[in-house]
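Read through the structures below before going on.
Both complexes shown next keep subunit A, but they swap its partner, so subunit B is in the first and subunit C is in the second.
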Partner chain A sequence: MTVDADKRFPAAGRITWRDIGASETGVAVVVLAIFALLPMVVSGYPIYILPQYMLFGMMAMSLGLMWGFVGILSFGQAGFFALGAYTMGLAMHTNWGINPAYVGLLLSLVVGGTLAAVVGYFLFSAGVRATYFVLVTLALSIMVEQVAVSQSEITGGWNGMFIDRMSLTFGPLGDVPLFDDAPAYYAVLPVVALSYVLLRWLVSARFGKILAGIRENEDRMTALGYNISVHKTRAFALSGAIACFAGALYGTHANFVAPSLGGVLFSTEVVVWVAIGGRHSLLGALLGGILVASLSNYLSTVTPEYWQLVLGLIFIAVIVFFKGGVAGAVAQLPRLWRTGRQP
Partner chain B sequence: METAVSVVVDATLITLILALAAFGLAIIYGLVGVINMGHGAFLTLGAYLTWAATTAGVPFVPAVLLAALGVGLVGLALEHLIIRHFYDRPFDTLLLTWAFFLVMTEIIKIVFGTDFRNVASPLAGAIDLGTVKIPIYRATIALVSLALIGGTAFVFYRTTLGIKIRALIQNREVASLLGLDIALMYKLVFGVGACAAGLAGGLISPMLSVDPYIGNVFLVRSFFVVIVGGVGQLLGGTLIGSFFIGGSETLFALFSKQVFAQTVVFLLAIIVLRFRPAGLLRAR
Partner chain C sequence: MTELLRTEGLAKRFAGLVANEDIDFRLEAGTIRCVIGPNGAGKTTFISMISGHLSPTEGRIFYKGRDVTPLSVVKRARVGIARKFQTPTVFDNLTAYQNVELAVLGTSCPSHKRRQRIFEVLDLIRLSELWDMPVQFLSHGQRQWLEVGLLIGVEAELLLLDEPTAGMTAEETGSTAKLVQRLARDYRLSVIIIEHDINFIRDLRAPVTVLHLGRVLREGSFDEVAADEQVREVYLGQDAG
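Up next is the complex of A and B:
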């Protein structure tokens, strides 16, 4: 009897993304509203730096999509992010009659999506296991870093590359330069919000259900006639394109990109953000990226080494005790309350 | 001709040094199946402990042995406190060992600082072969690497302990039914793997400047060595894998910059991994 119950309710007793989804939308609206109103209360450095952390959060969501919804972990997201920044930097020098920043943004989507699709299909079509995928993506981020270092004529090598701030142009309607903090903030925020909405929509649509099916039982999905490797590749291409796009915006916002942006350490920092924020929740990943990166930035000036140490210990605690991260814990609260009332 | 000789010599040295660096990983991954992302931290710790011991006046050889012992103990502690509870969840051990890497690296930074440290080479000079010069220290390390792998082969195929370990790899459940203490064997293997990594870190330290990320250089390459050679193929696999990674890097470095050569080698390794996930040594 108990076996039957387990089969019928495989999720009973543990957190699922559905629990999170129900409570997530409300929180997301509040959080985005706070971000939208923030520049009216705060000014100066926070408004300058927050868009960069939001873009980190966007990269974290691209990882969350793969890790939480497909069950595949990538250790190379920052490789795509850096690739986007370099793409932007190179595109800014184009003179094709359209706003070079638009060229950069468009190219970053194409470059990131294509690279991820090629690498993804190459590996997924052979059924490469998840642990090897981690290693390959880790190698990928090292390769991005190495290429950036070695092709110094194009990338500036160790010295990095300077990238101008972009302007929004609306053809005959005029243009809006994003050189000041507030316009840049209000240009980045909608992009991040939109990518969140898009991803939320995708994971709740048919595509997301197929991905969840793959995550839970690959063999069954194959038996049902789904082409697993194609769907995994699609998800990874999307993830790569988003990370690369975020990187392109980051490059023009930070005015600078160096090889270490694509390196192993930064790539795995993203994994830590998502683990802490909650791998089964896109909002958890987004906020994990924003908050942990802000906290890291703040505490790095106060106590750099001990903060990293504490972060590492938190990471261990999350893996051992709270697999759902903060979002998972929050989503579990109402249920704990309910079960507490029904003895 | 001169280049040919020097390439062969370089490739041999790099192969054996890489084999040394990857050996601890090959033991842990091959025998207990833990994707040990903390391998780089073991190497780094070995290098720093060697530096600390030699700075304190201990001669080089005992210093390296002490470092290996120290890293072995750290590995045992890691296994006992965390890893042993997660043997049936390989993906979590991957994350946990990476977390160990993050924590260990920070502890190393706090204890030893972030400056470059140099360990004086105990054997200066070079063997002059007329056309090429082989640094004595590198040559010695290459021999030590061979001896270590050979010694492990002996333990593996000629001792009772080796039989037990092989039984463990072949069939964990039957081995435990036959009265083998699985938990103890796993602990032992993990400790030995950490110890081997510490030894490698110590031995490599005089060849490079020691910094908190020195092990990173070897982490991904070690993994590719193990995967290309074949997981669980401790001896031949490690050598073949090292030859593939180190040897081809030497070759490509002839035509391009060292960093770019590494990129090409990684690309090749990924292709091998795709078509031969069980490694070059094993038939499909």
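Up next is the complex of A and C:
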């Protein structure tokens, strides 16, 4: 090559992968800053409940990864989430010389990742199409719920399981209990933010580019020598691990887990959050989880009879008018504005 | 010259229908071969068995002396056999750059050299000016070229091109012949091409294998094959009169 690519295509150095990403980073920084400053102006119930919704948002991102970036819809994310909460609840009773909450968090990653890897490996290497994957993951949610009900000696059955609030321990540096709302808030927020940054990095790296290739054309990827079932399994394992980890934190924050947390109803809600937020954007999924869950909570107090109907109508409106969800619609705004200005 | 690909007694039958029968085929490294034949002669079946998309009923396939018959599509792609499909199979929603990037990501090309490598490929297939264009907006001919570019990007050594000039203008067809010749001459790639376009095959000046009813009818230079009575009867007669 005689002419250097940099000189001929100055923009090529920066733009290597086009997605909503470029414009998303700025919004993400603002949103995270708002969340970081919120406890200084607000107190009480919102600061208590928001971390739980943030963890819902983290679970929503784990679905966004699969649905938006691999093109595979999973109805099993709440199953992983509940599994994480139960894992945390059980781990809290361990006495292995390290902070039992750390054991729970670590185990939740392992349990969620392993379960998703095993399920994913068998389904993807058998060439199961997206539709059947939905059904199997739906069954996975049901199984988690059923096991939680039936193994009542371990899980508490219908009564659920109480989980203590965790403490952060820093060895000789001391402990930080998370019993109060503000410390708990400031413990959960960075975890959620970090998972967002990690996922953003992953989807723009080789890992995510290959997933996008698989989403766009599986036959072509296979003929290029990519073992797509391996890549899909990796993505699903990561997705399961994240959902399970978020669930573990949720369990200790909410102090409680019941079988319905892993059920079909809640799994469906997660899909609704991501559809509304925008499945092609991790920030869309995250905010979809936080805001729609908040809205549900608010609506359920304002109009206990109709709130699910309102939510359903919003869902339908988004699906009909903006297939890419709110994030997809927002991402198109600058383009519309630009084309509008052209002579 | 070293042998790159050899098939021995290759056969494919679909429930009694003979698609390929007893094909002994040999290809030297760095050479081009055209496979022609009337519709239903078994050309695409033949290429599909080499790419691994179909497994043969009988016979073996040797690539660089190694028996690759049991290998899957993915594994064959990894040893260097890559295929262009009859209809352009590219990543429609991604840009030309991203398309080639996905091919290059499958190689050992280090990340700091990746962009240069991608533009090398885009230059070769004349798409570097359109690097940022989602490829669904490219012309049919450009998409055909892009798919060839993917095979180059993934560093395949044996390119299987199924009707690469379909839907191309005469001018595009001419430059495709030059591109293929360049790949063999400058990049030492081996190419098997299925084509219907007689002018394209003549331009390539490459040896021709004629398939008829799933069997090899004749092999030789274009002129030899074109002069053959039997070949003219079953195939060329219709076009070359």
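Keep in mind that, in the parts below, the second predicted complex is superposed on the first by the 322 of 343 C-alpha atoms of A that agree within 3 Å, B and C clash if a C-alpha of one lies under 4 Å from a C-alpha of the other, contacts with A are read in each partner's own complex, and residues count from 1 in each chain.
Everything below uses one rule, namely that a contact is a pair of C-beta atoms (placed from the backbone, for glycine too) under 8 Å apart; a residue touches a chain by one contact, two chains touch by 3 or more.
In this text the structure is predicted, and so the values were computed from the model without any measurement.
Colleague: If you stack the two complexes on chain A, which partner ends up touching A:Tyr132: first (subunit B), second (subunit C), both, or neither?
Modeller: first
Colleague: Which of the two partners, first being subunit B and second being subunit C, lies in contact with A:Val149: first, second, both, or neither?
Modeller: It touches subunit B, and subunit C stays clear.
Colleague: According to the contact criterion defined above, which of subunit B and subunit C contacts more residues of subunit A?
Modeller: If we count touched residues of subunit A for both partners, the winner is B.
Colleague: With both complexes overlaid on chain A, does A:Glu216 touch subunit B (first), subunit C (second), both or neither?
Modeller: The answer is second: A:Glu216 touches subunit C but not subunit B.
Colleague: Quick one: classify A:Gly225 as touching subunit B (first), subunit C (second), both or neither.
Modeller: second
Colleague: I'd like to know which partner A:Val118 touches here: subunit B for first, subunit C for second, both or neither.
Modeller: neither
Colleague: Overlap the subunit B and subunit C contact sets on subunit A and report the shared residues.
Modeller: none
Colleague: Touching subunit A in the complex: which residues of subunit C?
Modeller: Those residues of subunit C that touch subunit A are 51, 73-75, 77-78, 82-83, 85, 89-95, 97-98, 101-103, 105-106, 115-116, 119-120, 123, 128, 131-132, 150, 154.
Colleague: Can you name the residues of subunit B that touch subunit A in the complex?
Modeller: That would be residues 35, 82, 85, 90-92, 94-96, 98-100, 102-103, 106-107, 109-110, 213, 216, 220, 223-224, 227, 256-257, 259-260, 262-263, 266-267, 269-270, 273-275, 277 of subunit B.
Colleague: Note which residues of subunit A are touching subunit C in the complex, please.
Modeller: 1, 4-5, 8-9, 11-13, 15-18, 206, 209-210, 212-213, 216-217, 219-227
Colleague: If we count contacts the way the header does, which residues on subunit A are in touch with subunit B in the complex?
Modeller: 73, 122-123, 126, 128-132, 134-136, 138-139, 142-143, 146-147, 149-151, 264-265, 268, 271-272, 275, 305-306, 308-309, 311-313, 315-316, 319-320
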